[in-house]
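I've put the structures underneath this note.
In what comes next, chain A is part of two complexes: it sits with chain B in the first one and with chain C in the second one.
Moving on to the complex of A and B:
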């Protein structure tokens, strides 16, 4: 932790960056995102198992960009998001400094996005066995039962869009759901509107989602919406091969290949 | 009316619940669901949890549902039939297990729906609810009801307030005529008032600020760096407004399907970047800081100015729900 604090302070002191985005003390037992502008403020930085918010979400926010070049505290899920954002041309290498934090809580500095990709090669996305079982269970339901399962699970959704807001990959300045001419997705949080929203959200993350669970953690109603993106991740892997954020490979669903399976077209 | 006090035993409480269900009332009560406790429609007493400080969602949806049909229409070749929802009759709803802050929230909420326009649907729904509140025996760091003129044993807004006593029985304070009617209908369940006082059974919520002082400070704080500083991590979602028992902003949506359709009133939030976006593209609240300022000013300055009642009951739901841990108490105490 001390090396992270020291490095962050150095970066601010030397004006290499103007802001450090990291984790600090929050309410009660929580941690919260802090934005540090003075080297002396860096001792507020903390890192432990409570630091689950995906900080990469702030890198594309216009109001944060205005604050100058950032350094960002980046455990593995944040690194994955940074790489995915870079592959989607949302970040530039000279636009930020990545202060990687290993699962053992040691600082790891990255010279380039390529270096992040090399590091992540040994931290592949793997869906927890616990979740695999749940997803298998849902997939084995007859279609009517599965439909009823999701209608019930999504019932508490009041469309606060915390799932969207907390997701680093939902960086569109205007979401499809807010388009009302024509209105693709019903705005109201009735069963159909909720279903449409969550299906669309999952679809837009197919081949992009890095399985950070930020959507689920953000949902105030505790709806297991991450099951949708996890299941999508499995489907994409099955049909198009294993994927993870990469600078060299095309994003699965935004690129056409003649050998792509078309078994879903019936 | 003068408050009437009774004792109700734990077993009788269950009987009271069953009587309400048997009479066909729709009961909303706290129910554990995964990692949250939600006010949900319950049919059995054992579905209700006692293990909660406040529920994650507020109880406002019983009078202000997240989607409310205002009217619907049906077009045929000959004519268009319009069905006005304000002519509907609404169900008898019992809110069971609300906290004093939940009950208190109906006061500013009702003010809003009656201020410059009498909202028929809201008022018809409100007439049909019975609010059975349970005092708080525990609280947490997010609670601040005592700073906004409320408290863990406050009776305002409730029809009956139950307080659990050291014996496991409950003190029942009957506050309104609606509550009195319930006692009369179930008179065998209510016994003579207990000797034990309620105060010793209440959680002690620290008083963090003086609400009137905050109101007066806010008059000169429109331009202040605090708004940007405190909302820097804000993600711009609507979770704070949607779990808030007082927030009442809504958006009108029209849905149509062929010749049929309806107009819906849907919850909205001042945290959304589209909230005050004009057709011209101009947004008077362009930044998240300006939106956070609006939220605080509305609750702690505009609402008390308009109706003498704050727009915040100190339940702390917004802070607990915020995915970025933006804490309303933290902002208000830093002013």
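Moving on to the complex of A and C:
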């Protein structure tokens, strides 16, 4: 990605940005996030299919914000998160340089958030057929069996909250799980607390999640928590129409239509 | 063994359903006594976590009720609540939490008879479903461990 390295170095040299957030070499075959503050460091930047972390998560962190204006390496999933954060008034156009990377690994620069939205119109969120089948399979189980399946799947969760830390949309500075007067959600690895934590996590992302799978990738126990957000994504589409981050649309759960339809309220 | 009596928790809004339930009483309409009513300012205030807490504390069924659409005291609280319920119901269904145990309804302050009917039909439905042992097992996990 010589193009990317050159552009990042230019931005740092001309002091347009003070920090570049990108992907670098990690341990073994993995990649890790790197924060570059000197133009000479830009040759550490890499981009390939292993770069799956969602870097947008750093944009709302106070520790990163105080380092100055950032430029961020942004493949499609990161672009979606940036757009969602922008629509929630968490980012400003002057406060950020977006170095977009297309699926073909070419550099694409964005002048505005609106330009990102235009670009993403041709990269719509689609749930993999593989996942559609899995979700369908789970939903076709009898209710008791489905409950047992999830209790078992969630059993290894020990509340490390890596899923929360990896998610760009979990930017609340104080989370419900930190409320201990009363203790809303048991912090121990208790099946009830596990269930409640994952219900809450999914509900707080309803109509916001951009389906980047960062939560699943971050989970040390490999719990398929992304199936919950994917299933909700299907529900949003089914009930409230086409879905995706947008500057012109309110979030699903912070807006309504008088004509919203349901079949279960008596 | 005594017959199973369902424990039902009702989350209702102050302006419509709570007043409606009051009317049920002042109209001398008899209905099942299994329901414990919790009053909220608005259905928009009923956090989904409260419903989970009710199940966690041993409820067998839940009623959530408020003003009819367009009737909200706060103009749009029930519209927001409706969207939240649609999403929440889908998520619970995905997780295998029995959505038949949660009855949503719109009951206005003039619908005392409807409230009695909602409670009675819900109590009967839950009676048929039996106690919510699956959830109770999860909620009582530590107690069970302590006994061993």
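The criterion applied here is as follows: the second predicted complex is superposed on the first by the 261 of 266 C-alpha atoms of A that agree within 3 Å, B and C clash if a C-alpha of one lies under 4 Å from a C-alpha of the other, contacts with A are read in each partner's own complex, and residues count from 1 in each chain.
Everything below uses one rule, namely that a residue touches a chain if its C-beta (ideal position, glycine included) is under 8 Å from a C-beta of that chain, and two chains touch if they have at least 3 such contacts.
Computed from a predicted structure; not experimentally measured.
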### Query
Residues of chain A touched: more by chain B or chain C?
C
### Message
One more residue to check, A:218. First (chain B), second (chain C), both or neither?
### Response
first
### Message
Quick one: is A:190 in contact with chain B, with chain C, with both, or with neither? Answer first, second, both or neither.
### Response
both
### Query
For A:178, is the partner it touches chain B (first), chain C (second), both, or none of the two (neither)?
first
### Task
Using the touch definition from the top, say if A:231 reaches chain B (first), chain C (second), both or neither.
second
### Task
Please work out whether A:48 is in contact with chain B alone, chain C alone, both, or neither, and reply first, second, both or neither.
neither
### Query
Taking the superposition as given, does A:161 touch the first partner, chain B, the second, chain C, both, or neither?
first
### Task
Take the contacts of chain A with chain B and those with chain C, and give the residues found in both.
190
### Query
Once bound in the complex, which stretches of chain A touch chain B?
26-28, 30-35, 53, 57-58, 63-64, 156, 158-162, 164-166, 178, 186-190, 193, 217-218, 220-222, 224
#### Entry: Residues of chain B that touch chain A when the two form their complex
33-36, 38, 56-57, 66-67, 140-142, 232-233, 235-239, 241-243, 251, 253, 255, 264, 266-267, 269, 272, 274, 287-289, 319, 321, 323-327, 330
### Of chain C, residues touching chain A in the complex
48-49, 52, 56, 69-70, 76, 79-80, 82-99, 103-106, 118, 134-135, 138-139, 141-142
### Query
Can you list the residues on chain A that touch chain C in the complex?
135, 138-139, 141, 143-151, 176, 184, 190-192, 195-196, 198-200, 202-203, 206-207, 227-228, 231-232, 235-236, 239-240, 252-258, 260, 262, 264-266
